[in-house]
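So, here's a batch of structures to check.
Look for chain A in each of the two complexes below; its partner is chain B in the first and chain C in the second.
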Partner chain A sequence: MVPLLLVMLSVIGWPFIDTVRLSFTDARLVGAGGDFVGAANYQRIFASTAFWRAFFVTTEFAVVSVFVEVVLGVLVALLLYQNFRGRNILRALLILPWALPTVVNALLWRLIYNPEYGALNAMLVQTGLLDDYRSWLGDPNSALVALIIADAWKNFPLVALISLAALHAVPHDIKAAAVVDGANALSRFRYVILPYLVGPLMVALILRTIEAFKVFDIIWVMTRGGPANSTRTLSILVYQEAFSFQRAGSGASLALIVTLAVTMLAVAYAALIRKSAGARF
Partner chain B sequence: MERQSLGFTVFLYVCAGLLAIMILAPFAWLFIMSISSTTDLVSKPLHWWPAETNWSRYRILTDLTPNTHGAALMTALVNSIEVAAIATFASLVVSVPAGWAVSRTPAVGWSLWLVIGTYMLPPVALAVPLYMGLAALGMLNTKFGLALVYLTILAPFTAWLLKSGFDPIPRDLEKAAAIDGARLDQTLRIIILPLAAPVIGTAALFAYLLAWDEFFYALLFTSDHRAKTVTVAIADLAGGRVSDYGLIATAGVIAALPPVIFGLVMQRTLISGLTRGGVKG
Partner chain C sequence: MSTLDLIGVSKSYGITEILTSIDISLASGEFLVLLGASGCGKSTILNIIAGLLSPTSGEIRIDGKRINEVHPKNRDIAMVFQSYALYPNLTVERNIGFGLEMRGVGKAERQAAIVKVARILKIDGLLDRKPAQLSGGQRQRVAIGRALVREPKIFLFDEPLSNLDAKLRMEMRAELKRLHRMLGTTVVYVTHDQIEAMTLATRIAVMREGQIEQIGTPEEIYNRPATAFVAEFVGAPPMNMIDATLDADGLQLEGSGQRIGLPGKRGRSRQVILGLRPEDLHIADASDELVIGATVDFAEPTGPDIIVFARHGGNPLVASLPSHLQIDPESQTRFSFSIENMHIFDRATGQRIEP
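Moving on, here comes the complex of A and B:
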């Protein structure tokens, strides 16, 4: 069976190692192999403002969108954990944004944000909340926020579903005991429910953060990194470097820096999880 | 059951209503755009419901006359179906034995972690060598080449899902089979596969949806009707010179329909698959 594992690794392992090799060369995407240039690509990247700008845009996108998704996800899970009619229909609806292809989601929100005919402008102006139509994706001040809303709308259901499953794992007698002991709703949440929620929530948080840090699709379709590079994340920057400008060498270096950042994030989270799991048991 | 005060019940229903609107409104608007006349869509104030429904765009986009928007979208749809099917099948072929091996031999568990670790690799970290490799093999812009690349995304995911599905199957069954003289591959085929059919089905479903949703590699590695997938086709349409927003919305509806229907029909399977990792994690 191990040979098959090796097959899997070779589909991923070889390109990865080749990326490492390329990152020390000045190879072009098309044409001859390129020469060894040592760490020159890395030096140039760390000295460039474009890289740091993209790094901060990516971080802002990841932190804010994941934060919104987690808060909204937990609130929705708490709502759906209550007993009311129509609850099961709502649960079924949650799968819809998740199942919507990312590219369609991007296109849908692009239409909603349209500066001349978009539904958001129409709604805000018709209800008197806004005086005049705005170019939500065309303004560097609002483009990233608009993207984050679109991304959070698609991804909060995942957090909600995971949280809901965790809520249902809380034993009934513990909840009943807390009620008997006279704990109010807030302290029941803090001391009875939350401990069960932390572990699964951390897993959801890691997955979403890694995904958000790698973000490409939704930004490519909605803004291509514009306006004025205000939504150019690291993945978009790598794409431009390696494929638009065909600089395979420095594109590879940049890609490895992104990989390193994502790995460090994941390792830090894993340590956090172990700590919180240790505190629980 | 706890008694609920009237105020709390009202509060619940208000929240539930808001959630339903939040999820459904964007979907509804995409659909309404697809059946509104162009005049309704560009009117100010915006018409939220078309004076006359207009289904012609669905006819335009399913029209197979060569070199039309319809032909482009339908060909891409078929390409997506094929690529996702090949990639799903290939990833199951490699990950079923691998997942089983890791489930039965904890000593090789590190290899699964290595494979799962690849999840943290942003696609951009593999893209350049994969591009060069496919170009060298003459497999750029082929469905098979794209499906092969999709293995890098699907295989780690299915291997992990399958391993957790194989774990609860008792080992005694395999020992009994071994005593009866079954070879390893016979044991897997006759004993394990039937028992693991549900989890294999879940893995296949997720893999298919993942492949359907993929955009980045498809954007890089396909260039025309021979391999372009539906995600690239609708991104082209949205970024192109189409002035009728309704047509873009219609393309979105068509591309979203298969996974959304899948999602609704299979929601139980999907939700248990989505939450399993988190809650057990």
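Moving on, here comes the complex of A and C:
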């Protein structure tokens, strides 16, 4: 056990410790080791507009896409919970977007958003909602929203599946009791379904927020953080700092800040779950 | 006029028939118990009455009016479920008042009704709690309170006591009886427990495989079971069932060949079952005419009675005797019974025969 633990600690711990060390140096990606510069990297990061801009872009991306995923996921779960013909086929299809590799999904949506032959432009212009083709990913005003839609489309099935499982856990008798008690559809959702949905949904929410906060690949494939840095999230910023600009030292500082932020998010969520669980039982 | 009528109610899932032409007519204030083994269709009947299921054919009437198409919430019916089915995140108070709240009854009126019902059920100290903070018995009371508060025309109970331990079950049984006396409401109550049925019911419907085998007062069901199935199902220990041939002069028991003379004359002989309740058997003395001989296997004292397990002509025979009697294993014993305590059933059809 002890040797195994040591191996694990060094495998996981050493890169982490080395990152911490790097973050206090002005090391370049290639070349000499760099000199100790104290907290200078951190000071520069917190003073830079690029960092704060990326922070807000990341937050917007995470909050909006997770919100859309949860609303869409729950609605779709409620729909697929009903008894109708073809329900099982739809349930199977539901998994598809989620099963798609992120890169494939990103390329798919790049095609959809394509300014010349994209399906979205074609659809909007043909239905008269839009006068002219637009470059959805090329416009700083629409690029982030376009990304959020692409990401939410891929990830809402996870929320839907978790919600569907939770719906099936609602005891039949309680649903029947609410019908006899005269509750309408909205009250039945509020008082019968929701209490059973909140717990699992909370877990989905945490998983998705943390993942969304770390988002990199879908953005890298679709916009590389552009145009005009309008979709540059923290992970993209870390990558650019460390690899594009070859500043390993401040790249490491930035990476640690992101890690810390995500960890704080996770801890806050965990506390929230404990609190809401305590209130309910 | 009757309060509740089921007329030729049937229910099928695909080709599987769950209920076959159920006819029930219930007067106001009656306490009907649907008694039967698990899976015989008791809950299905309740759900059809409540409107949670629709019958494949047949009609349901309340006060003579057809209600097949009426939504459950408009049927003036309240239901108590086996699992209690309390809303987990609402307080006891809101659980009880939920039906009133959903019907738009004002807060003050609601509160008054809740408090009144909570007092009757002795749960007025628990109104602020959540269901998870209650014991099984308390949850059951809340579930009953939720039904009572609406003052419905008909109460439906689906095995409400089966999740309680024996002592609590007995207490709640008495409580339900008291409530029914006090409120005089019409009740349809489902159980597989014959003691519950016998103690609570004004009428019992014994069910078997989606059909009503017999419907009658507890006394009728117990004293004059219409079929061999009902005879064996009701009573503990169950009725002794002895194969016999009924002929012109009386019965000839199979196995032992013993003859039991019966008054009157009958036509052709037929294959029957003789049913004798354990509590109708007594130790015979010389003057008794109707007697059956048996070899004792063992005896179990239960307190007030002693249950004697014996054999007659290779068939088991159980007798329930006063506990002061001394019964020795392997002893030969003669049990007497009286003619009015004999039950005779046609062996092919199971129907009761009056010899």
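FYI, the second predicted complex is superposed on the first by the 271 of 281 C-alpha atoms of A that agree within 3 Å, B and C clash if a C-alpha of one lies under 4 Å from a C-alpha of the other, contacts with A are read in each partner's own complex, and residues count from 1 in each chain.
One rule holds for everything that comes next: a residue touches a chain if its C-beta (ideal position, glycine included) is under 8 Å from a C-beta of that chain, and two chains touch if they have at least 3 such contacts.
Note that the coordinates shown come from a computational prediction; the quantities given were computed from them, not determined experimentally.
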item: Chain A as common anchor, with chain B and chain C clashing or fitting; value: fit
item: First, second, both or neither for A:Thr102, with chain B first and chain C second; value: first
item: First (chain B), second (chain C), both or neither touched by A:Val258; value: first
item: Chain B versus chain C as contact partner of A:Pro171, first or second or both or neither; value: second
item: Following superposition on chain A: angle at chain A, chain B versus chain C, Cα, nearest 10°; value: 80
item: First (chain B), second (chain C), both or neither touched by A:Leu129; value: neither
item: Partner chain(s) touched by A:Pro195 [first = chain B, second = chain C, both, neither]; value: second
item: Which partner, chain B or chain C, touches more chain A residues; value: B
item: Chain B versus chain C as contact partner of A:Val179, first or second or both or neither; value: both
item: Which superposed partner A:Arg87 touches (first chain B, second chain C, both, neither); value: first
item: Shortest span in Å between Cα atoms of chain B and of chain C, once chain A is used as the common reference; value: 5
item: Shared chain A surface residues [contacts with chain B and with chain C]; value: 179
item: Touching residues on chain A, where the partner in the complex is chain C; value: 171, 173-174, 176-184, 187, 191-192, 195, 280-281
item: Complex contact set, residues of chain A against chain B; value: 1-2, 4-5, 7-9, 11-12, 14-16, 18-19, 22, 29-30, 76, 79, 82-84, 86-87, 90, 92-104, 106-112, 114, 116-117, 119, 122, 125-126, 153, 157-158, 161-162, 164-166, 169, 179, 199-200, 203-204, 210, 213-214, 216-217, 220-221, 224, 234-235, 238-239, 242-243, 248, 251-252, 254-256, 258-259, 262-263, 266
item: Residues of chain B touching chain A in the complex; value: 1-2, 4, 9, 12-13, 15-16, 19-20, 22-24, 26-27, 29-30, 33, 41-42, 44-46, 48, 94-95, 97-98, 100-102, 108, 111, 114-115, 117-133, 135, 148, 151-152, 155-156, 159, 184, 209, 212-213, 215-216, 219-220, 230-231, 234-235, 238-239, 245, 248-249, 251-252, 255-256, 259-260, 262-264, 267, 270-271, 274-275, 277-279, 281
item: Chain A-facing residues of chain C, complex; value: 47, 50-52, 72-73, 77-79, 81-90, 98-99, 102-103, 130, 132, 146
